[in-house]
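Lettered A, B and C in written order, each chain numbered from 1.
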Amino acid sequence: MLTPDRNPIQGRNVQLMISCLCDAFFDDAAKAAVEILQQAGCQVTVPSDQTCCGQAAYTAGDWETCRQVMRHTAKVFAGPDPVVVASGSCAAALFHEAPIAFEGESDLPVMQDLARRTWELTDFLRNALGVDQWAGSLAARAVIHHGCHTRGTATREAVRTLCAGIQGLEILDVPDADQCCGFGGVFSVSHPYISTEMGRKKVTDVLSVKPDIVISADMSCLMHQQGIAGRLGSEYPIRHIAQVLRDASMGGLE
Amino acid sequence: MNRQAVDAFASGLDSEVRQAIEAGTARVIENRSHTLAEDYSDLDGLRQLAGQVRQHALDHLDRYLPQAERRLRDNGVQVHYAPSADRALEIITGLVRASGTRVVTKSKSMASEELDLARRLADIGVEALETDLGEFVIQLDDDHPSHIVAPIIHKTRRNVADSFAKHGLGDFDDDPEVITRRARRFMRDKFLAAGVTITGANFISAESGRVAIVTNEGNARFGLAGADIHIALAGIEKVIARDRDLPLLLSLLVRSATGQRISSYVELVSGPRSASQPSGPREMHVVFLDSNRSRIVGGQTREILRCIRCGACMNTCPVYRQSSGHAYRGVYPGPVGTVLGPLLKGEDGFGELADLARASTLCGACGDVCPVNIPLPDLIARVRARSHREGTVSGDAGIPSMGGYSLIARHPGLWRLAMRFGRVLNWLPLRQLPLGVSRAWFTSRTLPRWRGGYFRRWLRSRKEGQDA
Amino acid sequence: MPDDRAIVLDRLSASLDKLSERTPYPEFAADAATPDALRGRGRALFAKRLAKAKTVVFETPQALGDYLSEHDAAIGYCDPDLAPLLRPWLGPNVELDLEFDHGRVNEYAFGITRATGGIIETGSLILTDSDTSNRLGALAPWIHIACLDPAALHETLADAITGMGDDPNIVFVTGHSQTADVEGILVHGVHGPGEQVCLLYDLALPEGHGDPDQ
C-alpha cells in the first residue's frame, strides 16, 4: 500500500470518518473513536453528510460509481483539516485507491489533496500526534488482526505500539497471522466458497490461542470473521482498536 | 453463468489435491522467506530496483528488441518474430519439419504452453517429449501444469507412480527416487535421438544476445548437448537491457522460486556450438513471441510484463491455494494469471478470462512477495474495472450491482434514512430472503445486529460533537 | 520473415508511444544482490562453498583416484588433454574413453572435463564450450569431475557474468542435478550428474589450451 507524504499537522482540528460499517453496525466503535481523539486533545468534527468511502465500488470494478461516491466524500471532508478514518481499509481507499481510480480525471488533484490529509486512526495518534504510549489498563488476552489494507502502512506498528503500552493486555501470537481472512468486500459474495474456507481457517487459527478479544483497526474483517464463527456456533468477541484504547483509559473491560 | 467460475471450481476440488497444494506451497514459502531473510536486510529496496530494471527494458522494448535481434544474428542465431501464437506454431513446426527429425526434446517453457506446443507437434507426427520431470508426468497424464514452477504440485507421488506404471515405465513404485531414475533412463536415449531441442528463455540480454536458461534437472543442458538444432521460444518481454542486470534478476528469481541461492544450472547460450565442440546444436533459432504483449506494454497494466515467472505470488495466494492452478483455465495461474490471463487473450478474448481478476480478495500478499515489485492488487483492480466497463459476462457473474449503493451513498439524507430503517434486517429471516447474489453472505455467515442511527443520535446529544 | 518483424516492431512503437514517460535505467552496482555474508575471496573459501553446494572437492589427483576406485567407477569419458595428466593417479583397471561414444552413454560411470572458472559467492563451477572437450562428457555420466585451476576464481555472480569472454555456451554448475517435482522431495541426478566433483588443482596443462583467466 502506498502511503503518500502527508501534510504536516497544524492545530488540533480533525474530521472523523467513522466508516459505513461503524455507522450501520458498530456504533460503540465510532463513539470510542470520538472519545479517544478528544482524549488526545483533538477538536473532533464528525460531518453528518458522510456516507461511504467508495471502496465497495472500487473493488467491484465499478469505478464510475466509485468516483461518484469518492467525489461526495471529498466534498464532505473538504477543507484543510486532516481526515481521520476509523478503518484501515477506508483510509487506504482514500489515500491509495482513489488516485488510481481518478487517473485522467480533471478532479484528480482534489483526490490527491484528500489523500495527503487522510490518516487511519492509530497512524494519526502515533505518527501525527506522536503518542508513543497509551496509558491505561485492560486485563485481557488478545489477538490483533491486521487487515490486509494496512500492509505496508504505519498502522500495523501503531496498533502494536499502542497496545503494548496498555497494562494487563497480553497480545497472543496466531499461526499464519498475515493471511487474509477472505472478506475482500464483494469477493465475500462473488466467491462465497473460497471466502468461507479462508474465513474458517482464520477463525480456527485465532480461536486456537483462546483469546478474550480480537482487536483490529478494521471492523469489516472482524464482521466477516465473527459471522463465520457465528454460523459455526463459536463466540468471537471483536473490538475495534478505538474501543480497546478507550476501555483501557477507563481502566477495565466491563 | 450466474456464479464465478473459480469459486465453482474450488468448491468441487478434491481434498487430496487441495492438501497436496497446501503442503507444496507451504514448503516453498518457508524456504523462500528463510533464504531472503538471511541474505537481505533491505529486500524491498532490491525488489524496487529489480522492478525498475525490468520496467526500463519494457519501456524501451522498441529499442532493445531489435538490438537483441542484431546481437543474436551477429552470434550466428536465426531470429524469428511471431506476431501471434499461431504464427509461432507455424514457424516452429516448419523448422521441425525441415529438420526431418521425428523426436524433439522440450524443456519447460510457459510460452510453449501458450502455444500448446507439444500437442501441436504430436499432431504432425513428431514425438515432442517434455523433459522436465513434472512436465513429463503432465504429458503422460494428458494434463496441464497447475503451477508455473512446480507443474505437478497438485499430484501426489502415488498419482505419479500410477502414471508411470500405466505407461510401461516399470511396476508401481511411489519412491520419488525410483521415479526419477526411471525418467532418467527413459529420457537419455531420447535426448540423443532428438534432432531438435526446444527451450524457453528466462532472459535475453540486448547487450550480448545471451539467452539465460535456468534449470535444476539439467534437462535443458542435455537437450543442448544432444540435438542438432536449438529453438528458443521467448516472449518479447524477456529481453533485458544489459548483462549486468542478470545477477540481480537471477538472484531474486531463484530465491523467490525455490528458496535456493542459485539453480543447479544457469546456462548462458549465445549461439550455436563452437567449432571445437563435438556435441550440441549446429543451428540456433530464437522465436520472439508477441501474442498481445506489444499491446500490454504501453497500457495501464504494463507492469505485469515485468514478471520473471518465479511463482511466489501463487504460492502465497490463499485463493490459489484453495482453488488450484487449474481453476484459472489457462497457462498462468494465481495472481499473475488473473491479470496476464485475460490480457494475453487480446481485445477479442479478454472477456473469456476477465472473471479471473475477480478471484482475489485484493489482500496484497502477492504484491509483497513479487521480486520485481509488480503492484499486483492495483493491476487486478484495473482488470476488474475494464471488465466492468466492457460488461464481460464472465466478469460480471455473481457480482452485485452497485446501483442502489451508488444512489444512497451520494445522497446523505437517503443514507441517514437507510441507516435507521436498516434495523428491519434484525427481524427478517435473512437466509431465506431472495436477496440476489448478496444472499451468499448469509449461507455461511451471520450478520451482526443492525444499529444504524444510534451513533448519530449519541453524537447529537453531546455538545462536543460539532456537526457541520 | 520481414513482414512478421515489421508487424511486431510497429505494434511495439505504436504502443510505447502512448507512454508519457519511460522508466530510466537505474543506477546500481552489478553485484547489488550479492549478500554481504557471501562476499569473500580465496581458494579455501571457494572450496568451502563448493562443498556447501554439494560439490565434492578434491585438492590432489590422488584423492580423486581414490574416490573413483571407492565408487567402483571403472569406465569413463575423459578430456583427451587431461587423460595423460590424470592417468598416473587412476587405478590400472580404470578405462578412459577419449571420445564420447553415444552407444556407451549408460556405461560411463564418470566424465572428466575442464572447468573454466569458479564463483566463490555461489560455490559454482563455470563450464564453457571452449574448455569443455565434450558437453555430453560433462553431463551424461552419473559422476562429473570438473578439473579447475584454482587461480580462475570470480568473487561474485556479477563478476562472473560480466567478466566472461565470448563463448556460445557458458554454464554455471552448482552442485548436482536435482528435482523436487514429486511432492517437493529432493532427489538428485535427474538428467545431469548425481555427483558433482571438482578437482581443484593446477594440472599445468600445456600452453594454448584456452585461457583460464577468461
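We adopt the following convention: a residue touches a chain if its C-beta (ideal position, glycine included) is under 8 Å from a C-beta of that chain, and two chains touch if they have at least 3 such contacts.
Everything quoted here is computed from the prediction, not taken from an experiment.
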item: Maximum centroid distance from chain C, chain identifier (CA atoms); value: A
item: Nearest-to-centre chain - CA centroid comparison; value: B
item: Inter-centroid spacing, chain B versus chain A (mean Cα positions, whole Å); value: 32
item: Centre-of-Cα separation between chain C and chain A, whole angstrom; value: 54
item: CA centroid of chain B to CA centroid of chain C, Å; value: 30
item: Residue numbers on chain B that touch chain C, as the complex places them; value: 20, 23-24, 27-28, 38-40, 46, 49, 52-53, 55-56, 58-62, 65-66, 69, 75-76, 80-83, 87, 91, 131-134, 137, 150-152, 155-157, 160, 176-177, 179-181, 183-185, 187-189, 191-192, 210, 216-219, 221-222, 224-226, 236, 241, 243-244, 246-248, 250-252, 258, 261-274, 276-280, 288, 290, 294-299
item: Residues of chain A defined as touching chain B within the complex; value: 1, 18, 20, 22-27, 30-31, 34, 38, 43-52, 54, 56-63, 65, 68-69, 72, 76, 97, 100-101, 103, 148-149, 151-152, 178-180, 182-199, 223-224, 226-228, 230-231
item: Residues of chain B touching chain A in the complex; value: 4, 6-8, 10-11, 300, 318-319, 322-323, 357-365, 368, 378, 381-382, 384-389, 395, 397-400, 402, 405-406, 408-410, 412, 415-416, 419, 422, 437-441, 443-452, 454-456, 458-459, 464-468
item: Chain C residues touching chain B - in the complex, by the definition given at the top; value: 1, 4-5, 7-9, 11-19, 22-26, 28, 30-35, 37-38, 99-100, 102, 105-106, 122, 124, 129-130, 132-136, 139-140, 156-158, 161-162, 164, 166-185, 187, 189-193
